[in-house]
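Following this line, the structures themselves.
Note that chain A is present in both complexes that follow, paired respectively with chain B and with chain C.
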Partner chain A sequence: MTNAAAELVPATRNALSLLLLAMADDEFVIGFSDSEWTGIAPMLEEDVAMSSLAQDELGHAQALYRLLAEVVDDGRDADAIAYDRPVEGYYHARLLDHPRGDWAASICRRYLYDTADAVRLEALADSSFAPLRELVAKIRREERYHEMHMTAWLDRLASAGGEPRERLLAALDRLAPDAATVLAPLPNELSLVMAGIIDATGDELDARWRAKIGRVFERLNLSMVLPVADPLTARTNHSDAFRWLHGEFTAVRSAQPGATW
Partner chain B sequence: MVSVPTVLVDEATVRSALAEVADPEIPAISIVDLGVVERVQVGDDAIHVELLPTFVGCPALDAIRQAVEARLAEFGRVVKVEFGYRVPWTTDRITERGRRSLTASGFAPPGDDTCPFCGSGNVATDNLFGPTQCRSVRYCRSCRQPFEAIKLL
Partner chain C sequence: MAEPEVQEWEVFRQEKEGDAMRHGGSVMAPDAELAVHYARELYGRRQESIRLWVVRRADIHDLNDPDLLQPPLDRSFKKPGGYVMRDKLAAAREQSGTHKPRGNAG
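Right, the complex of A and B next:
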């Protein structure tokens, strides 16, 4: 049991900061990206739902960035980590680099992400790093609603036939090459497993995720051709779509550096 | 203002003062009945209050912190408010009185599937999500009223 990052050996502490950065950036980017639906979702209920989901994710990101700031302990606070990096410094999965797309694309991406994130959170449920275990316990209770909602939507689009299903299949085709990037092995992840911070490596998490969504994909007759992610590129070489999003979410902060809002 | 003699400030005094602090998003319920107040420690110089966020990204946390600091200022000690996840907030923490306050102000308490207005069980979930993170939207088919329910967490 570890309560403070200072008790960890440097290699484990570095690996932990990469895990936290990956998780925080994932939540931040999908939260910000999906918040673009606010005001223009296909129906009022979904406008409210997608906005609420986005608000949850940004909250999770903020809490994860705060924890990361303690672990890294280099003088930057959560906001500095969240906003003051160039595009190349972001460490989110390539799945989240895709543009928002149409409604089917947003649903498909969020389903793929939420299911993978749920597997990752479950692997941290008994973490030996107490601050992360406690935060994860809280986050999981909220994420349950996200997964429930996305599974219902995936079902609706896949079972509807006609244009909804066509759009879903087209989105899945575009996203499939990057679907597995969320759980791609992280550098030195073995030190996290050995320290009991996470209960499995990325390869094992990937297998758990495939088993989990495989049943749903089979029932809905969707293709499970989701290539294994290359760990070297899973979280780098960000797209032009992300470059644009980065400009959006840093605009206010860079307008008046150091200002208090 | 007349300052309260410091010897009289104990945990129970502080907790009853906190019972007068309303939740900023649903003012009908206090933060004590909402189950947000976890630890209260009264020292000679400072009062430490541990609060549990209902949702990780709850935007009302700063407002709650300020309200707690303002309410406890009369005790003449430094007030230190800390939010943490040591204990997860769940809807089980809402007190019976809190549940009654929610119903009285038009919110179905968590896990209660009846309409807060007419008591009918003939209700539909319109939206799992609502105007704040902790609420969902329902519709009563009997009295034809939309209403909100606190999410079961």
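Right, the complex of A and C next:
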């Protein structure tokens, strides 16, 4: 266990573990899901860009799982946490349970996720938990570009009219009920705020996120009807689409347990 | 709205501070913003560049006319090779009492 984690009282350490698990699983699942575009994105350059974004997320997930392994300190390493859980054990937001869908759906899902993630990372920028603060500083520098690229695409799909806009609106309709799940309050999060690990609770982060994307949605004339997420179901009851993805990303590791590549 | 036309963009990259911008290659993109994003992916995502310039290929004025660039007559008198400066420079330094500056071709 890191010294920083050993100094936390058990309740705070548990809450921190859930925050790290939520963040790591979010990055892991969207990374794997978007990597499904490799080879079939709309054009070669975008294929490289989307694959590179997906790869960045897997890198962030790896760093977060490593930190989680140190905080939990139960003998599991980052790979064991990432790959050796049943479907029910994953703690990503339901927004990421939606299948990759068409290009507009992937852009819409990633835009909603990247903007929420940016709000979450900003709330950790001055964290009292030094290992997380240092990691977040590095992750934020990469996420800046993710948000730029997704905003560029959202702009184009929303402004193009015709089929691109129709597909975007259809995707937003499907994703809207789960859009706010990324920032839904986490169990015992108040202890994290009290300890200065994060600077606000989920409700406050949700408000910041709405203010942030509200300006863009207004400019692009998109509906901001995004229901507040129920914290009890925001990260549970994963979909069949995730069940399939889980089978894909665990296939190699479960084929030969313990093997290294 | 018509589908935006994808066009060629030339990418120039600088490897480190003080280096010249060198041609890296090209990307296809519908507009300057995405061209810059794609240039970043193809010529910068491995931290191999500290600066990129992205130029629409159509904005480059091309000159490859052999009559203008490779005329057939003897043009050796336009090359500076006929002037040997080294000895004159050495003599001038001798006279002024200065030494050849270090790390400089003089």
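We take it that the second predicted complex is superposed on the first by the 258 of 261 C-alpha atoms of A that agree within 3 Å, B and C clash if a C-alpha of one lies under 4 Å from a C-alpha of the other, contacts with A are read in each partner's own complex, and residues count from 1 in each chain.
What we mean here is this: a contact is a pair of C-beta atoms (placed from the backbone, for glycine too) under 8 Å apart; a residue touches a chain by one contact, two chains touch by 3 or more.
Values in this document were obtained by computation on a predicted structure and should not be read as measured data.
When both complexes are superposed on chain A, chain B and chain C occupy overlapping space and clash. In the superposed pair of complexes, A:V48 makes contact with chain B and with chain C alike.
Of the two partner chains placed around the shared chain by superposition, chain B and chain C are both touched by A:M148. Look at A:L58: by the touch rule set out above, it reaches chain B but stays clear of chain C.
Counting the residues of chain A that each partner touches, chain B and chain C differ, and the larger count belongs to B. In the superposition on chain A, contact of A:D74 is made with neither chain B nor chain C. Judged by the touch definition given at the top, the superposed model places A:E134 against chain B, while chain C stays out of reach. Annotation: chain A residues 45, 48-49, 52, 145, 148-149 touch chain B in one complex and chain C in the other. Within the complex formed with chain A, the residues of chain C that make contact are 1, 4, 6, 27-30, 33-34, 37-38, 40-42, 45. Within the complex formed with chain A, the residues of chain B that make contact are 53, 55-59, 84-86, 88-90, 126-133, 137, 151, 153. Residues 43-46, 48-49, 52, 145, 148-149, 152, 156, 159-162 of chain A touch chain C in their complex.
For chain A in complex with chain B, the residues that touch the partner chain are 45, 48-49, 51-53, 55-60, 62-63, 131, 134-135, 137-139, 141-142, 145, 148-149.
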